[in-house]
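Look for chain A in each of the two complexes below; its partner is chain B in the first and chain C in the second.
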Partner chain A sequence: MKRLKILTVCGFGVGSSLVLKMKLDELLKEEKIDAHVETADVGSASSTPCDIIFTSKELSEKLTDSVSIPVVSISNFIDKNEIKQAGLAKIKELIGE
Partner chain B sequence: MIVIDFIVNQILRQPALFLGIIAAAGLIIQRKSLSDTISGTAKTIIGVVILTQGTAILVNSITPLSGAFNLLYKIPSAQVLHPIGADNMIKQYGSQIGLTMLFAFAINLIVARLTPLKNIFLTGHMLFWFPFIFISVAIESGLKGASVVIFATIFTATYMIFAPALIKPFVKQVTGGTSFTLGHPTIGLSLLSGLLGKWLGDKSKSTEDIKFPKQLEFLREITITSSIVMFIVYIVIGLILGVDRSKEVFDKTQSLVTFSLLQGITFGAGLTILLLGVRMMLAEIIPAFKGISDKVIPNAVPALDCPIIFPFAPNAVLIGFITSMVTSSITLFIVGAIGLFPYAVVPLTITCFFEIGTAAVIGNGTGGLRGAIIGSGVAGVLMILLVGFSIPFLQHTVSDWIIVFGGNDFSLWSIISGSIGKLF
Partner chain C sequence: MAILINKKNIKLQQEASDWEDAVRQSGQLLLQNHSIDFVYINEMIQAVKTLGPYMVIVPHVALSHARPGKHVKKNDISLLTLKTPVTFGNKDNDPVSIIFSFCATENEGHLLFLQKMGNLLDDAHAMKVIQESSNLDEVDKTINC
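Moving on, here comes the complex of A and B:
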């Protein structure tokens, strides 16, 4: 099975996307899913190869139009429950569980 | 001795390698696999090199503007800024920056463990730029050797501990919770906006009640927005100078439109590269810092990057950006006309978006739409004054950097720490 690549996106790609990445890493560890999480800014996100994107609601509207992969929108980046409810099913679907 | 000498002079003085070692230590502490440790360490080292180059591109893209301002304000050549430059600062003093990051974070952990101030500063790039600013101020103040790192550590730690604690009540008004606070140089401007909103605002109408035109959504991409703004700035300055004089300072062969467009785009390109470098440099170090903090202080309140509160009032962010671009441009014309600063001060797109966008979210939290507009409008005026008054404190080191990224707590704290540094 190929290792899933997840991209977390914010305006600058260095601050809040890193917070989201760390929360996702925690969640993936709990769920025992082996995936690679990287951060990106909204400008370069659509040209970065990955399997699924996690971002904020405002940015997801922009990204959904320019990529063909699933885009998950999260309103509170440090709420692990919201991330789990919004994204876990999609991640499991992608890795074929 | 040879071994110690080699470690000190060949490794610790090389910022890229030094930060690589910090990342490697962090990865080992987190018990990552050998493969992840090697790739994480290598990425950190490459990130530092990319960051340095990106900074150079970004800063070079606005250098012709400084030349134009010098001509416009008839600044005598003795007063023209000759900083050693942000990219050279990172090359020469990157290890001191790295050491300051480590020491200041350790102090932050100790204070959070022992006192009721439970916030832990986790905004990665700001953990880098605050030491960068304070190291520069220390050098400007004539400090040498270990005292440079001590000076920078004291100020970085003070900022990391107290600033996020000050803004916390206002963050709570926006988010309704205390699960996090802000760790970002917006704090000074956001406090101002929050207070103005409280005194003059009207909570009955929120920024989120209004419908924002979809055509303005592109403004949320800061690399594109800042490219456009820099393009306009070049065109306007070129027109003020006139065709002959602008050819003299800008480019002898290209037309003003072509030249301005390319400089604007180069600014956006430099910003993109800089961000890529920061991202690669910190992707491993910050999770390691967080891991340590989670172990030592279980009930810590993370102080995070400002866009974390953007989703609570996305309209306020754009309103704050547009309002402050207008008020800061007017302020720029006024300070230019009365000759307040003998330096080139250019519109601060990035600060208007992130710092003042956040200030508008806070202003909306305390005083609704009116609070957001008043708060961000006043913040735009203050931003120009802050950047102008902070330049003398960074004149020989990173004045080229502060005129792109300043006008916020970086400027405010350069003024504070520089005034104290003058006492030595």
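Moving on, here comes the complex of A and C:
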């Protein structure tokens, strides 16, 4: 099985996306899923190879049209429960669980 | 825990006319601490205008910043709380009464303080104190101890 690559995206790739990455890393650890989480800014996100994108609602609207992979939108970046509800099923689908 | 937010970068229960004024005031704290030049404040405001109010990443809290670069002199972070909340246009997380603004000289150097920031945002008790208190010592102790 190839290692899943997840991208968290915010405006500049240096703030909110890092906070989201932290929470996503925690969730993946809890769920015992081995995946790599990277951050990116919204401008370079569509040209960064990855399997799935996590970002805010506003930015997901900008991204959905330019990428062909799943884009998960999150409104509360530290709410692990929301991240789990919104994205875990898609992650499991991608790794074939 | 080492200091996350310098006490002199904290201002509590201020009044702001709108989100732009609030971001400007919180950026002013970074400017006073010689961590940015004034262009950075304009960039923070421009970021919200062009990218949308996604910086309101949790209910009632904005994490305002612009791109690392030449307008940043050192990594720093400020906290502004508002007596009367303002709206950023983020319908899930508005209205906002807590604004953290940060600046970083490069893309990686601030990772540790953002990690602490993440833990702070996750600490419901600490966030309640920050939101409600007008006592600088109390907020300083909550954040930096």
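The rule we apply is simple: the second predicted complex is superposed on the first by the 97 of 97 C-alpha atoms of A that agree within 3 Å, B and C clash if a C-alpha of one lies under 4 Å from a C-alpha of the other, contacts with A are read in each partner's own complex, and residues count from 1 in each chain.
We take it that a contact is a pair of C-beta atoms (placed from the backbone, for glycine too) under 8 Å apart; a residue touches a chain by one contact, two chains touch by 3 or more.
This structure is a prediction, so every number in the text was calculated from the model and none was measured.
Taken together through their common chain A, the two structures put chain B and chain C in a clash.
Touch criterion met: A:75 reaches chain B and chain C at once. Touch criterion met: A:44 reaches chain B, while chain C stays clear of it. In the superposed pair of complexes, A:23 makes contact with chain C only, with no contact to chain B.
Set side by side, chain B and chain C differ in how many residues of chain A they touch, and the one touching more is B. Judged by the touch definition given at the top, the superposed model places A:8 against neither chain B nor chain C. When both structures are laid over each other on chain A, chain C collides with chain B only at 364-372; the other stretches in 22-30, 76-84 or 364-372 stay clear. The residues of chain A shared by its contacts with chain B and with chain C are 10-16, 18-19, 22, 42, 56-59, 75-78. Residues of chain B that touch chain A in their complex: 122-126, 179-180, 184, 217, 220-224, 272, 275-276, 278-279, 282-283, 286-287, 290, 302, 304-308, 310-311, 314, 317, 353-354.
Those residues of chain A whose C-beta lies close enough to touch chain B in the complex are 10-16, 18-19, 21-22, 25, 38-44, 56-59, 61-62, 75-78. For chain C in complex with chain A, the touching residues are 47, 51-55, 57-59, 63, 65-68, 90, 92-93, 102, 104, 107, 110-111, 114-115, 117-118, 121-122. Those residues of chain A that touch chain C in the complex are listed here as 10-16, 18-20, 22-23, 42, 55-59, 75-79.
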